[in-house]
Each structure stands twice: as C-alpha cells, then as structure tokens.
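Labels run A, B, C and D following the written order; every chain starts at residue 1.
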Amino acid sequence: MSILIDESTKVIVQGITGRDGSFHAKKMLEYGTKVVAGVTPGKGGHKEHDIPVYDGMAEAVKATGANTSIIFVPPVFAADAVYEAADSGVALIIIVTEGLPVHDMLKIDRYLRSKNIRYIGPNCPGLISPGKSKVGIMSADIHLKGGVGVVSRSGTLTYEVVYNMTKAGIGQSTCIGIGGDPIVGTSFIDALTLFEKDPETTAVAMIGEIGGSDEEEAAKFIATMKKPVVSFIAGRTAPPGKRMGHAGAIISGTSGTAEAKIRALNDAGVEVANTPQGIAELLAHKLTVGAAG
Amino acid sequence: MKLHEYQAKSIFRKYGIPVPDGEVALTAERAAEIAAGFTGKVVIKAQVHVGGRGKAGGVKLAEGKAEAEKTAAAILGMDLKGLTVEKVLVEKAIDIDKEYYISFAMDRAKHMAVFISSVMGGVDIEEVAKKSPESINKSYIDPFMDLKDFHIRPFLKQAGLEKEACADATKIIRNLYKIFLETDANLVEINPLVITKDKKVIAADAKMDIDDNAMYRQQEIYAMLKEELEKQPEHQAKQKGLSYIKMEGNIGCIVNGAGLSMATMDIIKLYGGEPANFLDIGGSSNPEKVKYAMQLLMSDKNVKVALFNIFGGITRCDDVARGLISAISELKVPFPIVVRLTGTNSVEAKEILKGSELIFEETMIGAAKKAVGLVAR
Amino acid sequence: MKLHEYQAKSIFRKYGIPVPDGEVALTAERAAEIAAGFTGKVVIKAQVHVGGRGKAGGVKLAEGKAEAEKTAAAILGMDLKGLTVEKVLVEKAIDIDKEYYISFAMDRAKHMAVFISSVMGGVDIEEVAKKSPESINKSYIDPFMDLKDFHIRPFLKQAGLEKEACADATKIIRNLYKIFLETDANLVEINPLVITKDKKVIAADAKMDIDDNAMYRQQEIYAMLKEELEKQPEHQAKQKGLSYIKMEGNIGCIVNGAGLSMATMDIIKLYGGEPANFLDIGGSSNPEKVKYAMQLLMSDKNVKVALFNIFGGITRCDDVARGLISAISELKVPFPIVVRLTGTNSVEAKEILKGSELIFEETMIGAAKKAVGLVAR
Amino acid sequence: MSILIDESTKVIVQGITGRDGSFHAKKMLEYGTKVVAGVTPGKGGHKEHDIPVYDGMAEAVKATGANTSIIFVPPVFAADAVYEAADSGVALIIIVTEGLPVHDMLKIDRYLRSKNIRYIGPNCPGLISPGKSKVGIMSADIHLKGGVGVVSRSGTLTYEVVYNMTKAGIGQSTCIGIGGDPIVGTSFIDALTLFEKDPETTAVAMIGEIGGSDEEEAAKFIATMKKPVVSFIAGRTAPPGKRMGHAGAIISGTSGTAEAKIRALNDAGVEVANTPQGIAELLAHKLTVGAAG
C-alpha cells in the first residue's frame, strides 16, 4: 500500500499543452503513472505525447474515468481550473501552480472541503509512491520503494532528504510535498493521519520550515501516534518579517520560528535532526530499534 | 507588501473611511508648508515600516510653521530600528476621546479571514493580547458568507458606542472589509480607531499589507509602491525570478529551492559560519540567472566566499554549470567558490567545470564546512 | 412574476445585451409611426404571457407604415389562448443566419441555478428536449462558485461559433447571468439567440420571470409591472395578504392555508362540483380579511354558493366568525354560505354565528357535499 | 423515540421580541418545550416570558447549550439570522419565515449543507413530537402521542389530517411540516429516511402537493422502505402556471402535476387517499393488518 496514489491512480494533466505541463506529463508517463488525459480549453482533439487532450474536465473525466488531476495552469487561470476539476468528479487535486492569491485560496479551500475533495498544494511538487505512481514534478530516480512516509513543505530540501535516505537503503512508501503557501489543502496532520493508517508505512519523516503553526499542531498529533516520526525544520537562521522564498515561510512577530517548532516537536518526543542528512541517520536508528523491539 | 501609512490612508479616503487631513512630505520645507495650511497643532509621523514608531521618537506634535519644520527636519533622516526615514506624514492633530483597535487579517490555521477588535486601542495589539485578552474580540468570516452584522455587533457592544458613533463605526468596518477584499490584503488595520471629543469616528493610523501573489491584479497599489520597491535588491532579484534576502554574514549562498536555501544557511551557522544571504534561484535555472545570482553576491561587500548548493531534479546540474562557467569568465569574482552539485546531470556538470578554480564538495555538510573554513582563514 | 418581452428587452439593453431596435405600442397608429422610423421590414409581436405566440398568429412581418398599421390593428385586441393582446412590440426585422437557445433557470431538485443552452433555437425548448435531447447542454452552477468559463465552453463548442461571435456570445451569456442574479430571476431566457447574416449576435426574444418573494428589493422591476398588476384581482388580493386564483367553476371557496385550500377544491371536484377559485386567507385572519374574501367571491358572477373551510390553530375560529358576521351584515351576499369550522375556539365561533342563515357542517366532506348539492338544485 | 426533537431538545427563538416570535415562544414553553433563550440584536439582557434574551446567537448558545433554533425573523433579515445560527453551533434550524427569495435560499442551503446542519423550511410550521417537544407553530391540542410519522408540505392541511388521525385514536411519533417553498432544507426523502430508522415509528403519512418532483423522488425511496407509507396529494384541480399560495406549489408546463405524483406513488405501491380524512382510514387499516400479520 501507500497513501493517496498507487498503481490504480488515473491522472489528468490540466494545462498539458503548456511548457511545464507537457514536460511533466511526459516524465510521469515514463515513470509508469497512468496519465489518461490532458485538458487545455480550445485544444480538444489534439494529442500530447500520445495523451488525448480535452477542452474541459467534465468531458475528460467522463471519457477516461480519471480520479486525480494535477494542475500546471498559470496563477491567473489556476483558480478556475481548480473549480473545474472540483466539479468534474475527481477525488484528488494536486495544485503545482505557484502564486495563487490567498483570497482566492480561502474560497477554493472552503469549496473543495465542502465537497470532500482532497487537494495538495498549491505551490507544491506533488507526490510519489515509489514504484507505483508519480503525480508531481520531483525527479523519480532518487526514490526507493520502502516503508518510510515523507511529508514536507518544500521541494529540493525533500529531494536532499530522500536522496540521503535512499543512499542509506531506506525506502519510501509515499513522499508528499504539501507546498509552501500559507493556506494548503493537505496539512502535516492530514498526511500523518494517512501514514499512521497505512499498513506499508513503518515510520515518517516530517520536513517543516518557519511560518505558521502547522508543525506545532502536528507535534500534538504525533504524541498520539504509534509509528515513529523524525523531523527536520528549516529556517533557524531566518530573520523575522521576511518571506523566505515560499509565501508561507515567514516569521510574524514572534510566531512561526524554527525554535518554537523544534521545541514543540521535542516536547512531543520527536527527534529533530540538525541537518537534512541527519534524517536518514535518525530513521536508520529508529528502524533498527523497531525491528529489534 | 506593506504600504506606508500615507499610502494606506489614500486608499481609506477612496473608500470613504475618515482620516485626519494631511499630506506626505519628503523635505522639512514641504512639511512646514503643509503644517501652515492647518490651524492648531499638527502631528509629524515618520513613514517607515517598523512598529512602535511613537516610542522610538518617530512621531511628534508641533505647532506653527517654524516648529513643524524643525520637527520634520529632526525626523527625516532619522534611523528607526535600522531603517532611514525618508518621508513624513504631516497631519492636523485630532482631539482624542477614546481609542479602539480594529483589523481584518488572515488566520492561517483556520483558513479564514478574521475581524479582530479591541476596546484597548493605540497600543501594540500583541501586548494587549498578552495582558488583556478579554478586551479582544475575534469574529471569523466564512469565505462563503462574507461580513455580516453579527460579526461586528460584539465589538460595538463592548465599545459601548452611542447610536451615531455605532452607525459610523459600522460603516468604517464594512468599508475596511471591502478594502481587505478588493486590495487582496493580508492585513488592514486601524490602530487606533478614534472617537474624537466632538463624537467623530476617525482612522488615526492605517496599516495595510498586500498579498505579493496578487500584485498582478493590484496594479494601482503596485504603482504606489513601485518607486520604493525598485531601489531594493530583493525586489530586483524577484523581477528576474530569484528570491533574495540580504543578511549580515559573509558566506554568500546560491541554492535552488527555498527550503534547501534555508537549510543551507542553517548548516553554515551550525558549523560556525554566518550566511550573507538567502538566495533561491528557483526551479528551471538558466545560465543568465546563475550569472545574475553571482552579481548579487558580488554587490554585497561582506561576502568572502560563495557556496553553490544545487540539487538537480528539474533543475539540470549541467545548465547550472554552464551558467557558472559563463559567470566566472565574464565577471571577475573576487572570492573563492565552493560548489556542491548532486542529482540530474551532475556528472556532465562536473565535466564542464573541470579545470576551473572551483572547489568541489560532495555533500551539503562538506560544502558548508569548507566554506566556513575558507572564511576563517 | 413574468415580464413582457419589451420589458425584458429594456433590461437587456441596460446590461449591454444587443436586442433589435424597437418600441412598444398600445395602438395601431403608434405602431405605424414606430414602423415608419425603420427602413425595411418590421416584426409586430403581441405582448402577452403565452408560449407559442408565433404559431397562434401573434407575430407578423410587415413593410411600410400602412401595412404595419393594418397588421398591428389585427393583432391588438386578438385573443391568444384566453388572453387579450393590449400591446405590441414593433421591431426592425433582422436577417437571421443561425438560431440558438440560452437561459438561466432554477433547478429545484438540485438546489442550483442551471445554464441551459441548445443549438436548436427559435422553437419550444420542451419540444427540443423531447425530440433532440443531444442538442441541449446543461451546466449547473454551484452557488459558492458563480458562472465560470467552463460552464459556457460546451455551448460555444457545440454551436461552432467563429472567434468574434464566440466573444460576443460569451459577453451576452455573462451579462444574462448578471441579470439573473441581480433581478432575482427564476428564469432569464433568450430564444432565439440569433447570429445575423452580418455576424452580429442578437437577442431576438427575451423572457424573464422574477421571484415574487424578492419584489421588496426589486423596486425598479416592480414599478414596470405595477400598472398591469394592479388591474388583476389576484394581485389586489395579495396586497391584502390573501392568495386568490380565479377558476371557472361556481363554488366559491374561502379557506385558511394553501394546502387545505387546494384540498378543498379537490374534494368539491371529487363530489361532482366545480370550484370557482382558490382562496387562502392565511394564518392570522382578522375580520377585515374575511370580509374582503367575501367581496372577492361576490365579484365573481359565476359563484352560486360559498364554502368556508377553516381549521383553527393559530387562526382562531371566533375571529373568523366575527368577520363572517360583519361581512353578511354589511354586504348583501346573494348566495348561500356553507360553513365548516374546526379547532381553536370553534365552540365560541358557533355561538357567535347562531341564528344566522349560515349552513353548518362538521367535516370537509360534509361541507363539500352540501355545497355541491346546493349548486345542483 | 421520535425524530429530530425530543425532551432533550434545547431551543433558541430568533426574533423572540417580535409579535409571532413572542407568541409562539410562549406556546412552545407551555407545551413543555425547553425554550432556553431568545435572540434579538439590541435586546440582550431583557426577558420575554421569563426567557433570557441575548444580542447574538453565539452568546446565547454559549450561555445555554442550545442545540436547536427556530427563526421568526422577517424575510429581509432572515438570511442573516440563518447564517448567524449556522455559525453558532446549533445542529437544527427551523425557518418559519415566509418570503425568503430563492436566490438567498440557494446560498443558505449550500452553506448549511456544507456544515452538515439540518434545517427545516423555510415557510414551514415546524415540527412536534407529541408529549415531548414542539418546535413550531402548530396548535398542540390536536396531536396524540403514538407511532405514525407525519411529513407534509403544508400547514392547516396537516392539522386536518392529524385531527382525523387523533379522532380515530391513531397517535403520532413526530409531525414535520417541511414547508411550501421551491427549495427546502428537509425533503420528503430526508424525513422518510429518519422515520424508517426510528424504532417508535410504525407507519408514515406523507402529505404532498403540486409542484417540483419531491413526491416522485420520495416514491422511489418508499419502494425500498420496510414501514408502510400512505399519502395524500393536494392540487388535483390546480391550473398550470399559477402559484397556489405556496411559492413552490406550481405546475410548470407539464411537470409537477398531482396526477404524476399520485401515479408515481401508486407505482411504488403507496395508497393515496382521495381526501385528507382518507389518510386516517388507510392508516387504521395498515396498522390493523400490521398488528395481525
């Protein structure tokens, strides 16, 4: 097993005729993901890497039975693309697009929740269940099929962590990038809840960063979990009041600091690595102890 | 992006929220002229993005043209918590009877906008939250509902406003919400909202913070900010697709990805160094971006060594390498460069860089240690 | 409440939806004058609330002043499915290339508004739905989302419109939706939406139905309808808090509650009679209402007997009895009155009515049978 | 048992200081309903029939632990009253108010559903579980505690039916008036579903009328029910295109006729009475047969 996506996931790429959409549709297809359709208004009937393109989501879902959509549409049109996906019947939406205004996200978030549709992002790399399916933009070759769930607010930092895990022989069940925006569809707690329930997952790595209080909330939840969780928090040296690349990575006044997050995690009994490499070491230890005990 | 008080007040005026009469001045002479237009006292307020301007000496009363000029001259050029005052707002002073706090903000955890009010206005709201939490009222606004009277009523009741002031305050709160929505604000704040001795309700201060992501549809506001923004290296970098924040250290960082950039800074610190900056060159790096990133580091006189940390994925290491080669051949880089390249096409990248004076490291930790060591020498 | 085509088109114009040039006329002379202002043919269209006006002879082409006058004279005063034509719309004829159907309506079962479109315009949509359902497209609009391009796209594609016509049609559809929302419409319909031979997109017909419950905030539309409404006994009754609908039978009904009123009519029919009306005097009946209800029955020459059916609950039977006593004492009621009163204070009511010439019955069925019997004599 | 309301129901009356609100608050209180608070903005601190009045719903719910609200607010302010109730934490809202515009109802309906709040109405008499609680405007004395669930789109017609049932000794578990508007919160199917699950309810009387297709939808559901259902449909003599008092009671074109509804019910095996009195007779028969069988 894995969470959210597996061999049966059927994906539509919204914005498939754009540069990024086309590139990643191809990469996903090469990985073995069932990319069954693309959507670009006005391009219906065309093909992109042999994937049929439709004018609209309703039509594409009806024709292919897709259950998942990944969105590569520029921010100005992204909100409408999400609404269209929401009304098409898919159960999971991955918003890769960066730069969606927060006021739009408030409404989108409320809308998708009201329809019980799971979404990931925005401004996220997507997710991968190694050996099964990739619905995202991460490079596949650093991943190894295994038992550790990875959840993270950032992209390349996660690749760094996963790369070190794989080098150490520690495989992953599913890796999810939840995105770096202030409002995201899938929180740490959401991902942890799914990992806790997933029989294949034996431990979880949570990679947080400054801004908001998602890690602090997660810490409380982890205290109730049976599976071990290790963590890394980026931004110990970040100054207050500045957005560190991600729209959500900002210390406001005294809230959202790395210190507060690390403290909350330590209080919940979670070991927090000093470096991204440290995650692999902590996991190796946990898994050995777990296997022994 | 934060607006200055005078900019926020110009928007308030447009939306029918009463603010004191006043104008912005860049010189003491102009401040004096503005003051001369008012009878009675004026307030001269430094226009800088720091909290607690009053306590720091950035807000002063003055009477008459001469005193206004003297006061403005003292404030202009002042250093307020590291920022130099370049503009002052000169306003007719108002007779304050009561002060309140109102704002609309984003609640990240609840995924909702929130109307925050307090009957203790004119002081730092975070302080009030600590000392008198009972004076603060929060009404969460469901995005599917919009602002309703029942969100506002608890404040009006707690404030004990008289009938007419109630109606005026309600109008101000509704208009403030309209501004919040229509300008894509993360925060609109009036602190204090003043009831004057002649029973008028006035926004004595104004704070606005606009969502960077919404700038494409907030052209009027962007036009207001443009001049000031264009002076900032952070903004110039952003225009080129890079995320840059200057710090006080001497190890310049060039990294792909925001999280990895922060982690790189953290590791430098962990091994005893000080990062000179946050710099995320983004996902699809072209050689021009790499060159520009190097120029940014060179423009910072503190930088003693550069640390490249690239995790190739979508970003191809060979692209970065080509950028790097072109940068070092065209620019005279005055400091050593430590390079760590991993992932997609890293072998090709190393081939490209072979023979250059770059210092290679295999891991983040190795690269950070090396950079710290180079500075320490 | 339904709007006439000419009224709906005046709203369309205000919202920037193109309609043919034209004006409404109450006389043939005025129609001729309007026609004289146009070159080429004109269309003269009866303004009555019935479907299929064209087939019924209520829409005719004419050319020149004289012919227009003759044609208008023929249409004005015409009986169209029971309604007399009092107004005609005189419009410059347009060169039709293609005809489509578009509307926004309420879907009761789905609790959503729906955008309905068809590439078969100019004919009855219910017929099209039966014969060519594949030509019809329905897009449901979630109340939390509003109209989006993806709701419109399927129609544009199916219609195969050229680029410019696409943009024009999109604008019309967006404005039609705006009308739908802002006028509290249950239905806004353009049938046909025409593409002219010179590629213009025009609303050749216009239908609007406004929610009665929203009239309090649709004052402009109410003002349009007022004159015509005030002539209708149904509307006069409504102004007094009664719900009245005239029927063709001879047993006048006065009942409290809509469901009970319908059931009373049904039972009259079941026992061989014909109800003269639906009349719901509502929940809290005062004597004035009862009197007014009796006057309504008396104004209908067909009525041969009145049937009172009151189920006391919130409505107190003694209140109704007092109204009844005052009505029969002040008005000369020319027909017998069968009364059935049950529930709250029915004993007191019977006491009040004792000695009057009213005919009492204990049950609905008994009362209906009695009334039918009285008419049959 | 009963459905939706019972002895434990704690009610807030919104618009308690208005004429109707005050009158019915008193009547409900006299019946034994736990009317724990009233709400009228600006009247906080007052008392109405010894019931404490609050300025807002949040405050009233916090102070009293109420779980139900009944709304007697004029149509112009009713929508806001519903939203306020929705955000206050009550689980059941009864909208008595007549005259809410349909465009307002679309949004209200979507909002309440998105928060999983049950509502009844608008333009409805409310509901009564005889001997336990009355949250509505029906006169109590015609009711008798018993086993028949009653659900209806109209007010006085239901009283007529219930009056005849009670005279025949047939008691009611709960009587719900779902309201006569085109869009209502609780449909026939919703009520039937609850009655089917309620152990105290042994049979159901459904009183429909012309307009819409709620009765037709209900017929399909009844075909799957174990408990017997009898029905009456008002409006066999109603002309098409005219609103028969209720905003929702209108035959549009050929849809929404009494004939179509009766046919659908008969097809589902439901006996439809010719008169309101007939309901009691049908029930007496069903219940005797049920007891015998």
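Heads up, the rule we're going with is that a residue touches a chain if its C-beta (ideal position, glycine included) is under 8 Å from a C-beta of that chain, and two chains touch if they have at least 3 such contacts.
None of these values were measured; they are calculated from a predicted model.
K.L.:
Which chain maximises the distance between its CA centroid and that of subunit B?
P.N.:
Chain centre farthest from subunit B's centre: C.
K.L.:
Go through A-C and A-B and name the pair with more C-beta contacts between its chains.
P.N.:
It is A-B, judged by the count of C-beta pairs in contact.
K.L.:
Centre to centre, by mean C-alpha position, how many angstrom separate subunit A and subunit D?
P.N.:
One centre to the other, that is 46 Å.
K.L.:
Roughly how many whole angstrom separate the Cα centroids of subunit A and subunit C?
P.N.:
Distance between chain centres: 55 Å.
K.L.:
Calculate how many whole Å lie between the centre of subunit B and the centre of subunit C, each centre taken as the average of the chain's C-alpha atoms.
P.N.:
Spacing between the chain centres: roughly 59 Å.
K.L.:
Averaging only over C-alpha atoms, locate the centres of subunit A and subunit B and give their separation in whole Å.
P.N.:
Using C-alpha averages as centres, the distance is 28 Å.
K.L.:
Would you please write down the residue numbers of subunit D that are in contact with two or more other chains?
P.N.:
107, 110-111, 114
K.L.:
Can you tell me which residues of subunit C touch two or more of the remaining chains?
P.N.:
142, 144, in rising order.
K.L.:
Of all residues in subunit C, which touch subunit D in the complex?
P.N.:
106, 108-109, 111-113, 126, 142-144, 181, 184, 186, 211-214, 216-217, 243, 245, 247, 255-263, 265-270, 275, 278, 280, 283, 311-315, 342-344, 363-365
K.L.:
Residue numbers of subunit B touching subunit D in their complex, please.
P.N.:
Subunit B reaches subunit D through residues 140, 142, 144-145, 148-150, 153-154, 157.
K.L.:
Looking at the complex, which residues from subunit D come into contact with subunit C?
P.N.:
For subunit D paired with subunit C, touching residues are 75-76, 99-103, 106-107, 109-111, 114, 137-139, 142, 152-160, 163, 180, 182-183, 207, 209-210, 212-214, 217, 232, 234-239, 242-249, 253-254, 258, 274-277.
K.L.:
Touching residues of subunit A toward subunit C in the complex: what are they?
P.N.:
Contact set of subunit A toward subunit C: 41, 44, 55-59, 80, 83-84, 87, 107, 110-111, 114.
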